[in-house]
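Can you keep this structure in mind? I'll have questions shortly.
Order as written gives the chain letters A, B and C; numbering starts at 1 within each chain.
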Amino acid sequence: MLDQTPPNETKASVNGHGPLLPLELRALSFEANGRRVIDRLDLTIDEPGITVIMGPNGAGKSVLLRLVHGLIAPTGGEVFWGGKRLDRELARRQAMVFQKPVLLRRSAAANIWHALGLRGVARSDRAIRVGDALKLAGLERRATTPARVLSGGEQQRLCLARALSLEPDILMLDEPTASLDPASTLAIEELLIDAQRRGIKIIVVTHDVGQARRLARDVVFLHHGRIVEHQAARNFFEQPQSDTARAFLAGGLVL
Amino acid sequence: MTLHLDRRTLVGFSLALVIGLGVAVPPAAQAEDKFIVVQSTTSTQNSGLFEHILPKFKEKTGIDVRVVAVGTGQALNNAEKGDGDVVLVHSKPDEDKFVAGGWGVKRHDVMYNDFIIVGPGSDPARIAGLKHAAEGFKKIAAAEAPFASRGDDSGTNKAELKLWQDAGIDPKPASGQWYLETGSGMGATLNTAVGKQAYTLTDRGSWLSFANKDDFKVLVEGDPKLFNQYGVILVNPAKHPNVKAKEGQTFIDWLTGPEGQAAIASYKIDGQQLFFPNAGPPS
Amino acid sequence: MADFLQAFHTALRLIVTFDPRLVEIVLLSLRVSLLAVAIASVIGFAVGGALAVYRFPGRGAVSAVLSALMGLPPVVAGLFVYLLLSNTGPLGVLQLLYTPTAMIIAQVVLVVPIIAALTRQACEDLLEEYDEQLRSLGASSSAIVATLLWDGRYRLITAVLAGFGRAIAEVGAVMIVGGNIDHVTRTMTTAIALETSKGEIALALALGIVLLLTAFAVNGALMSVRRFASRLAYA
């Protein structure tokens, strides 16, 4: 495990606007094409640090993340952040990074600038934040490069930097390094660890067991749209409590 | 090294282009210039008469004359809708009806020329030199030789139909076979006639100024029934308040007065006069 | 054949010496069509972008109608505007018939569906990629439209050029609402029709050559834009 000492509190809980944690999902369901993708799911996340959501492909991990972020609406159940339902103000305190980097047809710096503009950040502050974000991601020398010309790893770093520039309290990532080479993966993971050290609550979806071991403080194991296990990471990896989790960790195909 | 469109530059440039276009390229006649719209015929326009006389009028009065050239029928129709200040056409019965209906103020004779029958050098219907136009039409129908008609309710078209009537023949059943109705102006119809080696009735002015004659000749002329009188009428401002009655009347007065009449007479192509002024008291 | 070569030779001379009649007609055509396309672009971008992003009942029908109107025959557009602007029509009081303004209006009517439909398509394609990310960033619908329009700028330029190509080459609309009045509303296309009907082949040819060159220039610009855009991965 990489060295990570999460703070005792997250920014989410100390911010003037009120605590964002705990994140509570109650009887959450999502149906599509007649299929129950998420099935009456209950979950509570209230610890700082990095939470990893794991499971075999098709378990519903990406859908779960999108439900939590508010990108799709559940067909049943509710999502509560610090006891409140998701609204515009709460949404502004979140940011998400997708599996495939989504960048506009403009320069790297302009992409961050645009995102800050959407959030209503004052022009005078934008320049500083863009600079900081690019530096954090190691992309200062690529500031004026068309973002879509960057390599896969650089693009994802840029997406992460963009998300961090928004100064979110919660950062969610959906398989952020699934298509990246090991060097880029390491760079992303280091950024995540650094972010959680600064108090940002992070929720990562991954199917990469090694990555989960490196990053997770606690693990949520999902299968067929239901929570099978939710434990502290060390316990989960050493002593999984369910057969499916055991089989998954051993590298088998879990149907 | 990389060059991408800076948003401000692009927007600024586009704006400048549009504004520049709207302002810098001067439209020919601004609304401040005085102008009238004259609904007239394609034959008059194709003859080139307007290019000759209108500048003289503009010089004298400062009024710009904008000619919309369509067929006589359409010209009178447009005037009934108020889309014009003056009409200058050549079909007296329709002009009289126009005034009688209250759409026009008064009809004045302006000028005349004549119609002629032109046709291919080979003259398959053998009409060359005939003294009566209706006789020529009879022979064309008998030979089923191709004939191009305006078919557009114009003054020329009306004159042509009258001649068919005089000849006791109805050509319409043969429409699409030897009787070709172009529905077009005189120039386009002449083009079609030449292209199809067809006979056609045309006013002399259009014929003289037509530049694509091939081997066509004037075959029948001089019949009094081929007389072609032009009339000018002021559109009735009582029916359409937007009509520029004052400027319109100025134009009519000039056209029927000594200067306008002289201008008409002075228009020649290859030394031949096209229109003969004959304004008298209003008829 | 000899006549044709003679006419061709005269035509080239008219062009090279910037014959004033020719220049006046060409400038009017450019002015009418460029202004019409500029106005149509503003309307078309807004409508196309909104159609792609906003959800409302009847959205599918509006899109279908817009796409169908891309094929609106110019002469029909001209007839429609003529009926509006005629003295007996609803907008007769504006006295716009037989003016360049009427021609611009008619061409706007003709070109807006083209630009709007192509803009909608471009924005929908972009939205497929960007929708989740933009919503995650908290963009409002209007902000999304603005983002898509700028991001799709190269495709939009293509739409504008397509619209201009249509406008500069049509004769039906400008003929009906403009009346082909000498020095006032005579454009390249209406002049070609007239001069041909007068048998004045040389002038008609000269205008035709200029019109053709304009069409080639527009196409050339189109290809350059596409190449430039793909080089930057902005296509």
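Quick notes
Everything below uses one rule, namely that a residue touches a chain if its C-beta (ideal position, glycine included) is under 8 Å from a C-beta of that chain, and two chains touch if they have at least 3 such contacts.
Only a predicted model underlies this, so the values are computations on that prediction, with no experimental measurement involved.
For chain B, the chain with the farthest CA centroid is A.
Chain-level centrality, scored on Cα centres against the all-protein Cα centre, points to C.
Computed from the mean C-alpha positions, the centre of chain A lies at a distance of 47 Å from the centre of chain C.
Spacing of chain B relative to chain C, judged by their CA centroids, is 31 angstrom. Mean C-alpha positions place chain A and chain B at a centre distance of 78 Å.
Residues of chain A in contact with two or more other chains: 106, 146. For chain B, residues touching at least two other chains, in rising order: 2, 4. Residue positions of chain C touching 2 or more other chains: 150, 153, 232, 234.
Interface residues of chain C facing chain A in the complex, by the touch rule stated above, are 129-130, 132-139, 143, 147, 150-153, 232-234. Put simply, chain A touches chain C in their complex at residues 66, 69, 71, 88, 91-92, 94-96, 98, 102, 104-106, 114-115, 118-119, 146, 148-149, 166. On the chain B side of its complex with chain C, the touching residues are 2-5, 7, 10, 14, 17-18, 21-22, 25, 27-29, 37, 42, 46, 50-51, 66-69, 81-83, 184-188, 190-191, 209-213, 240, 242.
Residue ranges of chain C in contact with chain B, taken from their complex: 24, 27-28, 30-31, 34-35, 38, 86-88, 92-93, 95, 97-98, 100, 150, 153, 179-184, 194, 196-201, 232, 234.
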